[in-house]
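Beneath this line is the structure, given in structure tokens, with notes to follow.
First chain written, first letter: the chains are A, B and C, and each begins at residue 1.
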């Protein structure tokens, strides 16, 4: 069911009233589950994720994967609740999409955590998706980072992720061919000229169905990309601005997450 | 428990040292593919791709079934992957390992989600009958570059495949066998191909089409799927060491060149095969009669 | 004396080829079976090799799978270590082999070598049986000396066929070889060694370790050996290849 996004070029406001470079509301808490070694709850707009961490603990003997046991193994389990999406549908755990998602979180964390400090041990992350409304991978990665900070697992820097899209009306169109002359740039705080293909930050679920988008994950506020997943067709010339906007978004997400961690730390000190 | 023959420390160090000295073990330049060899089978829709020592066979087949109730106007297109234990000690029957999940997901995104195959053209009667096209991917030998090789094989096989012709009169559907009527090629909208980039030495060395040994040593990989028109169908960097964003952009531009060259090769092979099948111009004569 | 007779499984060895005029008992080597009353049949395909002096005959073959035999020299990879053993792989398909931590030259509880997972060792198979994991040793049982065995440092591993490994080892020990391709002898190593210096270890499990000091030299030697194996070069071709390799290294 195609969705009408054509109004964007008139008012430069998105479906939910945001401008092109605005994030959705991010609300996060850490240490939500007392039983877990580390836990977090994260909302990015209407996407809601709970993450718990167990370990690093001695791994199961039988599950020894490779020959190298000099590094910590990371296991990621992702549960998508039946009520998370619009349709009420039970997704099996062997689902390949799910497997890919947890593989992504796992291998992104492997390069961010100091895994060599915990030989012969296993770290288990469990992610529960309570509601999905776009940026699922980004929310999972951000929630995992917060839970790992809570668990006190050493890491090089925050691993933060954010999605970015492009308003290019038809995926196949080369840049600016779909531009409506004279309308681009009205009222926008960005000089777009005749090019109506704007990059967008942090897409919601409806926008994700409609527009090409990618998810970028960076380490801290550097420009180094750890994760980059794009699943929709789009012209190569769109990639640069989408990446730039995504990396910029990651920096802002990092600030927000950092704020959450600091606020939590402050509260802990006050309570003592 | 069988598992991948892991590289010894000596091999790892040697490989990395060689890369530092700008040498690949097989003497290739950093940005070239291994020798690609594409063969077609006797039947339509069988493609056999050899990429160095990696070998993949794809078979496309189809039959007539009812469409999914929520997609009445679309045919069905499925891709299945099978990793045979003869390809590598790490593969086991009935237990998909991580690389199998990744391969099938990448192909799913690269070919199905980017709608390379027009599934609407597979519909015969809306909501009642449609073609179900199925592509079986068999990995026969594994020496790295599975995603790239599988994608070449799959695209070639889909392009080579011919489905039986059908006519619809009201509710009656007649499916003509290959003997009765010249079969019809599938409607391909574009031809996405994958190029895998491997990063070594914290991003200083970038290799195209890594061998199995190089894959075991690499720090991170980026799989880019593009078509020859310069559209990106999919990018996957699942983790690994951080790389510069600029490097991702150079990947896409270099992938475009590779994809165009690969597609040209596939097309040449398809033409060659078509010529072989059309011995004596018999088919041209037949189809001319049909047109009248 | 050698012959070039190619036998397939089930073929009978012509009685004219059986060594005669020797009072030693006839010895049947790998790939041959005594079919009573008096004929000898092949059980694998390969070339028949006859050693009249020892009154022995066997079949020289190039099989794909390595099966451990006692006294074979192999290049094994250490997987992990336990309190008494290093657990090694010889081939990824076969069972793990155990290398006792004290089976090194003048090794004691305190001086035994520390091998990290992934290290390579050149070892002799000290026991192999159907029902047990093979055992390795890096020390000669009689003299207690290493005899060139032990951990391999640096260098690079190359995969070659099992038959080629055998030919390499045999041409060193000057045992008669089947006459295919000039006796199956391998001269490329000697031809290369005339001009350049490098170290080589040949494992019967199809592994070849080469250390030429630097990347270029090691690769050149390894590639030359692999090419000799894969393209079944004759003695003349091997000499040509050696000359070509040396020329490329010189430039």
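Simple rule for what comes next: a contact is a pair of C-beta atoms (placed from the backbone, for glycine too) under 8 Å apart; a residue touches a chain by one contact, two chains touch by 3 or more.
What you are looking at is a predicted structure, and each value in this text was computed from that prediction instead of being measured.
Taking the mean of each chain's C-alpha atoms, the chain whose centre lies closest to the overall C-alpha mean is B.
For subunit A, the chain whose average C-alpha position is most distant is C. Between subunit A and subunit B, the centres computed from C-alpha atoms are 29 Å apart.
One inter-chain figure worth recording: subunit A and subunit C are separated by 54 Å, centre to centre, where each centre is the mean of the chain's CA atoms. Chain centres here are Cα averages; for subunit B and subunit C they lie 40 Å apart. Contact with two or more other chains is made by residues 79, 118 of subunit C.
In subunit A, the positions touching at least two other chains are 67-68.
Shown for subunit B are the residues that touch two or more other chains, namely 3-4, 6. Those residues of subunit B that touch subunit A in the complex are listed here as 3-4, 6, 98, 101-102, 104-105, 108-109, 113-115, 219-220, 222, 226, 229-245, 248-249, 252-253, 256. Of all the residues in subunit C, the ones that touch subunit B in their complex are 77, 79, 89, 91-93, 116, 118-120, 152-157, 209, 215-216, 218-219, 223. Remark: subunit A residues 66-68, 96-97, 99-100, 103-104, 106-111, 171-172, 174, 214, 216, 218-219, 222-237, 239-240, 243-244, 247 touch subunit B in the complex. Those residues of subunit B whose C-beta lies close enough to touch subunit C in the complex are 2-14, 17-18, 21, 23, 25, 27, 89.
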